[in-house]
Each structure stands twice: as C-alpha cells, then as structure tokens.
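In what follows, structures are represented as structure tokens.
Below are two complexes that have subunit A in common, paired first with subunit B and then with subunit C.
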Partner chain A sequence: MYGRKACQLVKELASGEKGQLTPFNSDLFEQVVAECTQHHLELQALIRKMQEEGLDVQTTRNAEHHGALIHHLSLVRNKRCLMAYVYNRAETIQSLLWKIGHVLPQEIEEKLCHPEVEYFKKHSAALKSYMSKMQLDLTVDMVPPKDPYIQVRVLDDIGDGIVLSDDKTANFARHSMHFLKRTDAEQFISRGLMEELTG
Partner chain B sequence: MTKYYEIDDIITEEEIVSVIFQKAASGVGIDPSSETNYIETGSKVELPFWLAHELQLRQVVSINIPPCFDQKTRLEIQADCASVDLRSRCPFFYEFGCKIAPVVGDRTIGFLLLSAFKNRYKEVLTKAHTAAFSATTKFWSILTNEEINLYEAAQSSMASFKKWRIGGPRFQKAPVLGRKRKSTQ
Partner chain C sequence: MASSDAEGLSIPIDDYETLLSTTDVELLKRAWRNEKAAPDILRFETDLIGRIREQIQLMEETAEEKSAAGVDPLSLSLYQMDLDRAQFLLRSYLRIRIQKIEKFVFHIAKTEELWNKLSREEKNFARRCTEDLKQHLEDSVLSKLPENYQSFQKQSVISEEDDMIPEAQLDTFVVCRSKEYLTGIQLEDGPVDDRSMLFEMEPGVLYFICYKSIKALVESGKIDLL
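Let's look at the complex of A and B:
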C-alpha cells in the first residue's frame, strides 16, 4: 500500500543492467493496479463521510480531508510508477530495433509481454516503410567503412540458402569463413551469429 | 516535471523521512505502529519523501532532518570524505540532499553536499582511471549512484580510448543480448 509495491516494480527495472530488460512482472503490475482501485474506493468513502456530516467538501480541512488527500497522493504516485515502468521498457524496446534489427531473438521475446511484442512489430514495420519510401537503409553503421568487404567467421549455424544483397546464395555453416559485403554481415554480427576477423 | 519518467528520481523520492503530523488524518493505515486508521496530531510517523513533501506543502506535517544528514555524518565527512560509506546511508545522497534542502529549511546542507562531492570526485576519477579490478569492488560499495555513473563514464572513456589506439573491430554483438557468448575481442 501507499506506493511501496509500485516502487518495488520500478526498482526491478533499475536492478537490471543498463539496456537489459527484466521479464515483465505482470503479477506485480496487476497488484499495483488493484491497489489504485482500493485507494480510490477509500477516497470515495471518506468524501462521502464528509458529505454526510454536511461539511463543504471543497474547503473543509478536517481529518477526513487529510486522509482523502493521502489516498489521492498515493494513487497519483502509483500512476507515476506504472507509467514510468511502461515508458522505460518501451524506450528500451525502441532501441532494440536499432541494435539488433527487425527480428526479435527468442531470449528477449520471453521477457516481453504481449502488447510489447506488438509494439516492437509495429515500430519495426513503420521503420521499414519509412526506409523503403526514402530508399535508404538507416540501420547500417553511421561511419563509412574503409573497406566495403569484411572477413567473417560464422559462430552459429544460420543455414544455407541465405540470399545476400547481390543476389547470391551463401551457405553459412558453423566455423566457416566468408568474405562478405559489410552491409550484409552487419546484421549477423550484431545478433552474435558471426564475428569479424581482423588481421 | 521533466523527471516524471526517470527511474532514479522515483527511487530517490521513496527515501523515508520522519515527520510529525500537525493535523489529524483519518482513514489511512499508513502508520504501522497505531492500531486504528486514525493518526493523531503530534504523532511521529515515517513516511516516504514524496508523501511527506506534498503534505508539508499543505501544512499537514513538518519534516525532520533525515538521519543521513545528521551531525554524525557531517563530522565524518569533515574528517575524511573519501572513505565515508555514503551508500549505506543513502544511495542517492546528493539528489536526496538537493530535494530535502528547501523543505527542511537547513541552509548548511548545500555546503555539506558541495564539499563532500568535491573531495570525493578527485578520488573517484583517479581510481577510475588507474585502479586494478580487485581494488575497485571495495571502493564501489561506498559510492552513491551519481558517483558510480561518473566512475563508469570515466572507465568507458578509458576503454574506448584504448580500443581506438589498438584498433579493435568496429562491430560487436549487441550488449543487450546477454552473456551467453563473449563479445568479439
């Protein structure tokens, strides 16, 4: 009560490492929402009591008024914590798109709740349509590379038959080395499926 | 209001302060020591700062100085700032101090924060740039959150500088994916 559970929810967010998501705690979330309803009911009960005594609700400052005030402030505080929880998670999800690309890996998808997955998909679709209208790929590295091709070693089995941007198919078996265009390799490297070989 | 969504701000405001109720309040079970839902005038209650602050604006309570700014801490800070364990007192020492100062009406808090920060900042920077890993963990436990942010910023700038000199790969696995595999180099 009185904002403690809501603060616990926010602390959970803070406890994860920077940029990492914790699993969506829907139990605690719903508990906080239930607390809000409870605060609201108690607030209404106190206001009703004041009205029954015939006092002017707007101006009287008696004990019930202060109790109602405390309930109201707790409600607003709960709202703030819930909003901050959802907002910060949404921001992290937005940045995910830029770091990892349009496909959500399994381990991250389990941490998101259903509306958040929808949010990611819609955001990614919006970005794709924007990029296709501009005919510009915004997700590549901002610094122009010295060499358009890089050497990579494949860390995980991606499979074969992957079509690259110059319409060739490549077979990405594990531990094989390839000489690829930078733009193709970047998305695999950021997902951890390949590594760059330097020197 | 610009800090509405900031997590650190929310956690800072959750710090407990002890207040004295100037007026009575009924229908609230916030005081764990009283059996009824009624708070008497003059009773001393521990409230989170966000509640105490709002109630003080409406003159329902009066706030006492929290224990992390009391005389004992002040003497310790004057003696040797760099080794005072601020984290156990209050992990958001500076932010909390800034919020408390106008409310409690104590002018010396500002000077206290400033002098503590100045002296500790030097230590933070030197340790961030030079210390080996084993020494840092003990030092970390006495820093507040603000100081830790500075420390990490300094360390990451050192790491980027070294990387630029040696020339590592520009592209690495996105850090958000966790530690299942070590990132390249």
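Let's look at the complex of A and C:
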C-alpha cells in the first residue's frame, strides 16, 4: 500500500522518547525515497498518455487523471513524512546542543547520519558566534541560581591545571570533592564529568 | 515587606511600588516572564538589555574591587548572589528567544513583522540558522525527490502558498493580568456567536485567555503574561 513505509518512519519517530535519538533509519528512509521516484515515474507516464490522446491535462477528469492524482498525493505525503523525520531529528539535535554542549559524545554521533553530523557542527558554530557577539555564554545558568557556590564530586579524571573564572587553577582528580562557583561547575556537570552533592 | 520599608522611608506605598516596578531589574523580569509565556517571539528590548548589561558589568567590577579590598565575605557573597540572579535573568531571556528562533526560523525569516522584532545579533543568528537548516533538509531529503517537489517551503510546485513552514500556535491559552481596566477586547475563539461580545478586564485579576485575543495588548505593554 502506498505511504505505509513513510508512516512507519514517522511512527518510529513518535514512539521514541522525546529528546532522545534513535539511530537514523537510512534503510527505510531510502525505501521511501525510492517510492517517491516510482510515484513520479508513474505520474509522468499517465500524463504523457493523456497528452498523447490529445486531452487537456488541466481539465480532463478521466481514469488517468485520477490515477495521476493518487500518485501526486502519495508523493506529497511521503515528502511530508520524510521532512517530518529529518526536521524533528534536527530539532532534537538543536536541543542536544543546549543539554550536552558543543561536543558530540561518541554514542550519539553513531546514531546520526552524515548530514546530521554536519548540521550539528554548523548549528553549534552559529550558536557560538551569537554567544561570542553577545559576550555571554548562554549554555550555563540553565536553572535559577540558589547559591553562587555548590559542592561537587568529580566523576572522571578531568586533569589538573583547569583554569576557573577567578583565575585560579584546580586539580580535578577523580573522586575528589570541590566547592566551586556554580557557573564553573555547570559545564562539567552537563558533560557528566561531575555531580552535584546535595543535602 | 515592601510596605514596612516604605513606612521607614516615608514614601507613600503607591509611589514606592511604582518606583519599585520601574527599576531595570523589574522591567527585565517582566520582559522575561512575557517572553517565556508568549507562544511567539516578542520585540527585543534593545534599550533595557543595553542598560542591564552595563549594570552587570559595573556590578562585576565592584565585586572584584570588593574582593580585592578584602571586604567581609558575607556581604561579598550576598552581592555575588544578586549579580548571579541578574545574570540568570539576562541569560534566560536571551536563551528563550534564541530557542524560539531555532524553532520557527523559517517562519520568522519570511514574516517581516516578526523579523523586525529581532536584535541585530539575533538576525545574524537567524540568517545562519535558516541557511544551515535549509542546507540540511536539501542534503537529506529534497535533493533526492523529483524536481517539482524540491522546495522546503511548499509541498509541491502546485501549492499556492508556503504550506511546509512550522509557525507558532497563537491560539493557545495563556494566564495574564492587566494593570488597568481594559474594555472592548474582542475574543477570537469559541463559538462564532460569542465573538461579537466584547470582553473586559479588571486590573490585577488573573485571566486565562486565548493569546490571539490579547496579542496586541501584550505587545503594547498593557497586559502582562504570567
């Protein structure tokens, strides 16, 4: 049946958790694209047939016209599904920038197709350029501040010699605990390298 | 708390409250709340943001001076907290706008009214955003489709208008409050018979209303969103 594969593609998108990416289904995607090409071929064949019979393509309402219409509508529907798939994934990619920052972790990069990785890079650059024009990092301070300092524990070896905003350097060895400025700590927390200690 | 402070300073409460509600931080808070609650993008508060940035810079300098001079840590920490809050408001305000631009970039870019509401930097960002997203859609989907179906704005060449562009839903409901008595608000939702009825708003009362009906009043600053 026409349009079923495209529907599967969109369903895959809808059934996934919001904000999470599933691997790009290039197999199904290509099948839908192929279906589009097929629709277009048949559409052209039907129109050619009408022209050969000397009928006016705009006004004639015969079997060929209705056939062609079905192919056109199926094609448009497939296009909408493909676009929805790519567009919604692009939105998730945008939201990743806010959540995990400008570096793509390996396990997420594997789920993206090549143009998506390119898009992530370009969008990240656009955002960075905006932030540097404004001289303000918008990816920190995601929650309203309660205390300017927080207690954190380092989860992974970040290394020493990291310069903080007050020009002091710190040695973030694994499992060490620190009392840091929230704005300094946030970037490490969002990358999963530190956790906030509460209570 | 406001009233006891006001007594101490012997300023009439009304005046004190108006004074309080016109400080830049209050104005920023208002702009931030409105921006947060409005489904579409509002006008960029160019002057206000400029002033806020100057003040933040001044505060940062003062904080540094104080810490260098070894003022007692408690007052410094309070000062720092105040600064952090102002910074958060500013960042959050800009962030909400950028995220709205990300979401509706095609629509904003083609609608002059919306485009003019962006700041210069936001326009630059939006331009790059449009370019990148368009390129991405073309590379992934459109270039693989038959010729007449390659537009990112239209479903096919026979579509008369741009029917592939996501735009903000203006008929969602928002919570809002008016500062003054307003009358003659035309409701733009509900059954057609009711639409001719005009709606009025008492000052300070919360209303739950369709955004479309009060859009103009939010833009003119008569109504605040919550």
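As a working rule, the second predicted complex is superposed on the first by the 188 of 199 C-alpha atoms of A that agree within 3 Å, B and C clash if a C-alpha of one lies under 4 Å from a C-alpha of the other, contacts with A are read in each partner's own complex, and residues count from 1 in each chain.
As a working rule, a contact is a pair of C-beta atoms (placed from the backbone, for glycine too) under 8 Å apart; a residue touches a chain by one contact, two chains touch by 3 or more.
Because the structure is a prediction, the values reported are computed rather than measured.
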Of the partners subunit B and subunit C, which touch A:196 in the superposed model: first, second, both, neither?
first
Could you say whether A:11 touches subunit B, subunit C, both of them, or neither, answering first, second, both or neither?
first
Task = State whether A:80 touches subunit B only (first), subunit C only (second), both chains, or neither.
result = both
Notebook entry, point to check: When the two structures are overlaid on chain A, which partner does A:147 contact: first (subunit B), second (subunit C), both, or neither?
Noted result: second
Max touched-residue count on subunit A (subunit B vs subunit C) belongs to chain B
Taking the superposition on A as described, I'd like to know which of subunit B and subunit C A:67 touches: first, second, both or neither.
first
Practice problem: Identify the partner contact of A:122: answer first if only subunit B is touched, second if only subunit C is, both if each is, neither if none is. | Solution: second
Per the contact definition in the header, classify A:40: touching subunit B only (first), subunit C only (second), both, or neither. second
- Which superposed partner A:177 touches (first subunit B, second subunit C, both, neither): neither
In subunit A, both subunit B and subunit C touch residues 80, 83, 87, 141, 145
As the complex stands, subunit A meets subunit C at residues 33, 36-37, 40, 72, 75-76, 79-80, 82-83, 86-87, 90-91, 94, 98, 113, 115-116, 118-119, 122-123, 125-127, 129-130, 133-134, 136-138, 140-141, 144-145, 147-148, 182-183
Contacts from subunit B onto subunit A in the complex sit at residues 4-8, 10-11, 14, 23-30, 37-38, 48, 50-51, 54-55, 58, 60, 167-178, 180-181, 183-185
Subunit A partner, complex, touching residues on subunit C are 77, 80-81, 84-85, 87-88, 90-92, 94-95, 98-99, 102-103, 121-122, 124-125, 128-129, 132-133, 135-137, 139-141, 144-146, 149, 152, 155-156, 164, 166
Touching subunit B in the complex, subunit A uses residues 1-4, 7, 10-11, 13-14, 19-21, 42, 45-46, 49, 61-64, 66-71, 73-74, 77, 80-81, 83-84, 87-88, 92, 95-96, 99-100, 105, 107-108, 141, 143, 145, 155, 185-186, 189-192, 195-196, 198
